[in-house]
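In what follows, structures are represented as C-alpha cells.
Both of the next two complexes hold subunit A, though its partner changes from subunit B to subunit C.
On to the complex of A and B.
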C-alpha cells in the first residue's frame, strides 16, 4: 500500500516537474512573440531604441510626421503646440560636421519627471516605458521643467476627434509613449521606426534591451553608442550611434 | 377670445404634461448593442466602477482587458451620428443627462468608433 502511494506521489511529482519544464519554455515563447492582451507588462522586457545618426538624413522628418499621424497630433510648431518628437540639427563649429537626429522622451530608468510628479501621474511602466496617467495629471508641468531633454508637451486647447487608442486632453502633460498602443497589441515596432525604414534610412532601431539576442542588444554590444546626457546617470532607454 | 386662448394654452400644457409623465426612463439608441461582458442590468449599475478599475490596470500595467471604453463605444455608438454623445438619445449622454451625472471621459477619449470615423475622414478628403 505504502509502495503504491509512493509510486503515485512519484508520478505526481514527475508530472509537476514536466509542467515546470514546459512553463519556462512557454514563457520564453511568449516573450519572443509578445504578451497577450490580458497580461501585464513585464520587467523581463525593456523597450529601447538605437538611433544611428549617420543614417538620419538632414531635412527629413518622416519620423515626426509618422508620430503625429499615429498619435493624432496636430503637428504644429508654435511653442504651445504639442510635439512628442522633433528633429534636431547640430553643427560642430570647429570642424563643420553636421549631425541630424530625432529627439523625444528618452524613457529613462531613473526618470526625473517621475521623481517630481506630485500626484503619481508620471510613472515608469514595468517594461521601461515612461508614461503620464492623464486621469491623475493635474497639469502642474513640474515634469516638463525636470526633463533634461525637453521631451514633454502640455495640451493648452480643448481637443476633438482624438484617436480611440490614443486618448489626449486639455490640461494634461504628454510625451512619446513608444507607441504603447502598438506594443500592447503585440506589434513591437514604433511608428517612427517604421517610417524611417520605409524612407530607406533605417536610422531608428526599436527593440528589447533585456533580450541579449535581439537585434538592438547585438548592435549596442558591437558598435559605439552613447546616451544623451549620460553624465546625469538616468540610464535612458534611447541610445545614439555616431554622436 | 382671450379666454379661448387661455383654455387652449391650458389644454396644450396638460397634454404635454401627460406626455412627459410617460417618460420614466430615457429612450436610448444603443447602436449595435447586444450582450457583451455582463448583462445590461449589471452594467447599468457597475460600468463606472468597472471602467475605473480597468483604466488603472490598463494605463499602469498595459493590460488591455475585458472592460474597455473603446469597446463600449465600438458597439454602442449610434448608427445615426456614429457617436455615444450628441443628443439625449445617444447611449452615454442619454442616461447621464437623465441622471444629471457629468461624464468627462470624452474630453480625452474618443466618442466615435475608429473604423467608421476613419472612413468618414477618408470620404471627407
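On to the complex of A and C.
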C-alpha cells in the first residue's frame, strides 16, 4: 500500500518536475516562433527596433526602397504621396554633427493616434504593433494631427496593383506596420532591417523587447540608446543609438 | 392691393433666395463628389497640411452655432426680455450653422460613405467621438428648447430647457477647443487655453452672425431695430471682440515666453508670409479693430455700422481660423529639437498649401446649407424678433 503510494507520489513529482523543466523552454519556443494565424497576437511579445545611427549611411535609402517594395507603395515623394518610411538627415545646431536615420511609426506604448481616433480604427495590437483597421478608418486625419513623429500618410489617390497581403484603401490613413504580414507568417524580421543588413550596415535591429535574452534587449541594456521625443512619455518601441 | 403686391414680391424674393441657396449647396455637393471620385489629390491638402479650407469653414460654423445661442441664453437663463424675443431665431440659427458645419466636415472625410461607421463605432477616449454625442445632443436640446418657446403649454419649461442648452453648448465648444488642445506634440496647439479661447470666439462670431441675419430680416420687413436694443447688442459684440483679442494675445504671449516656441511665433507673427498678414491685417485690423471703431467711435454705432462691424468680425474669424489651422500645420513639427532636419517628407520645411476650388466650394456649400435652413425656417416659422413696443 505504502509502496504504491510512494510510486504514485514519485510519478506525480516527476511529472511536475518535468513540467517545470520544459515550461520555460516551451515559452521561449512560443516566443521565438511565429504563432498560427488563428491565434491572437500575444502581449508576451513587444516588437521593437534598435536603430544604430552610427551605422546608418547618409544617402543610403535601401530600407525605404525595401519598405516600399514589401508593402506595394509606389515610392513617390510629392507631399501627397504615402511614405511609411523616410530617411532623415540631421545636423546638430550646436556642434554641427551630422546624423542620418530612418524614420517611421515609432509604435508607441501610449500612441496618441490611437487615443484620438474616433472610430477605433487606429489600434495597438497586443504585441505592440500600431495599426490602422482599413475598414473602420473614415479618413478624418485626426491621427495625423496627433502623431508627434509625422509617421502617417493619407491615401490621396485611387490605388492600383495592391499587394494581397497588404490591403490599402483610398481615403484612409496608413503607416509602418512593422511588416506585420511577415510577423504573422512567422518571419520575424522586417523588410527594412533585412535590406539594411544586406547593404552591410546592420543599422536596424528588429526583435522582441519583452524577451530579456533577445539580441535587441541585450543591446538596449548595454549601449546608450534613446527614444525620439522621449519627453512626451509615449514609450515608443523604436530606440535609437548614437543620437 | 399694396399688401398683396408686397406679398407677391416677398414670395418671389423668397423663392429666389431658396434657389440661390440650392445652387450653392449643389456646387458644394458636386465638389464633394469630385473629391471623393478623384481623392483628396484634387484639394490643396497633403500629408503635412491634413486639415485645410473645409475645416476653416466647418469650425467657423460649429463654433458660431454654439455662440449664437448666447442670445437665447441671456434671454432664457438670465431673463433679459430683449434677448428672450430673439431666442427662437438664435435657436434656429444654431441648428442651421451646426448642420452646415457638420455637412462640410462629413463630406471632407476620406471615406464620407463610412459616416455610419462613425455613428456606430466609438472610441470613448477620442474627443472626436465625444463630439459626435455633443453635436447630436445640441440638435436635440435646441429642438426641445425651440418647442418650449413655440408651444404655449410648454412655455414654463423654456427656462430649464434654456439652461440645459446653455450648459450643453459651453461643453460643446469646450470639446471643439479640445480637439486642438489634446494635440500633444504640435507647437500651435496642445494648450489648455484653447477651450476657453474657443468659447469666447464663439460668443463674438455667433453674435455677429445673429446681427447680420437680424438686420436682413428687419430690412426685408422694413422695420427698424430700437436704438436702445441696438446699443445693447452692439456693446455686447464689442465686449466679445475685445475678449477674443485678450485670449488670442494671452495665447501668443505665453508662446513667446517659451524659448522652444519662439521660432513658431516668429513664423506666425513676423516672417511667415500670408500667415502674419492674415493675423495682423485680416484678424486684428479688419476683424477686430475696425469693428470696434464702427461700434464705439463717437458718431458710429448706427445699425449700418453695426452690420458692417458684424461682417468684418466674420471676415476676421476666417482669417484667424486660417492662421490657426493651416498656419499651425505649415510650420514644421519639432521632432528633433536642436537639430536642422531635412527629408523627403517635408521634415524641417515650411509646408505648402494652396486651397483648391473644390474645397472652397465644399465650404461654401456648408454655408449654403445653413443659409437654406435659416431662410426656410424664418419664412415658415414666426421667428422675427418683435420687441414689446413694436
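As a convention for this text, the second predicted complex is superposed on the first by the 214 of 243 C-alpha atoms of A that agree within 3 Å, B and C clash if a C-alpha of one lies under 4 Å from a C-alpha of the other, contacts with A are read in each partner's own complex, and residues count from 1 in each chain.
Quick note on the criterion: contacts are C-beta pairs under 8 Å (C-beta built on N, C-alpha and C of every residue); 3 or more make two chains touch, one makes a residue touch a chain.
Being a predicted model, the structure only gives us computed values, none of them experimental.
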* Asked: Counting only touches as set out at the top, which of subunit B and subunit C does A:216 meet: first, second, both, neither?
  -> neither
* **Contacts of A:39 with subunit B and subunit C, given as first, second, both or neither** => first
* Partner chain in contact with A:157 - subunit B first, subunit C second, else both or neither -> second
* With both structures superposed, pick whichever of subunit B and subunit C touches the larger number of subunit A residues. => C
* Please work out whether A:66 is in contact with subunit B alone, subunit C alone, both, or neither, and reply first, second, both or neither. => neither
* To do: Could you tell me if A:170 is touching subunit B, subunit C, both of them or neither one (first, second, both, neither)?
  => both
* To do: For A:49, decide between first (touching subunit B), second (touching subunit C), both and neither.
  => neither
* To do: Pick one for A:184: touches subunit B only (first), subunit C only (second), both, or neither.
  => first
* Which partner does A:105 reach: the first (subunit B), the second (subunit C), both, or neither? -> neither
* Where on subunit A do the contacts with subunit B and the contacts with subunit C coincide? -> 135, 158, 169-170, 172
* Structure fact -> Residue positions on subunit C within touch of subunit A in the complex are 36, 38-41, 46-48, 50-51, 109-112, 114-115, 117-118, 121-123, 125-129, 132, 179, 182-186, 189, 329, 333, 335-336, 338-347, 351-352
* Which residues of subunit A touch subunit C in their complex? -> 77-83, 86-94, 99, 103, 112, 114-121, 135-142, 144-150, 152-158, 169-173, 228-229, 232
* To do: Within their complex, state which residues of subunit A touch subunit B.
  => 37-41, 123, 125-127, 131, 133-135, 158-159, 161-165, 167-170, 172, 180, 183-185
* Please give the residue numbers of subunit B that touch subunit A in the complex, ascending. => 55-57, 59-66, 70, 73, 107-110, 112-114, 117
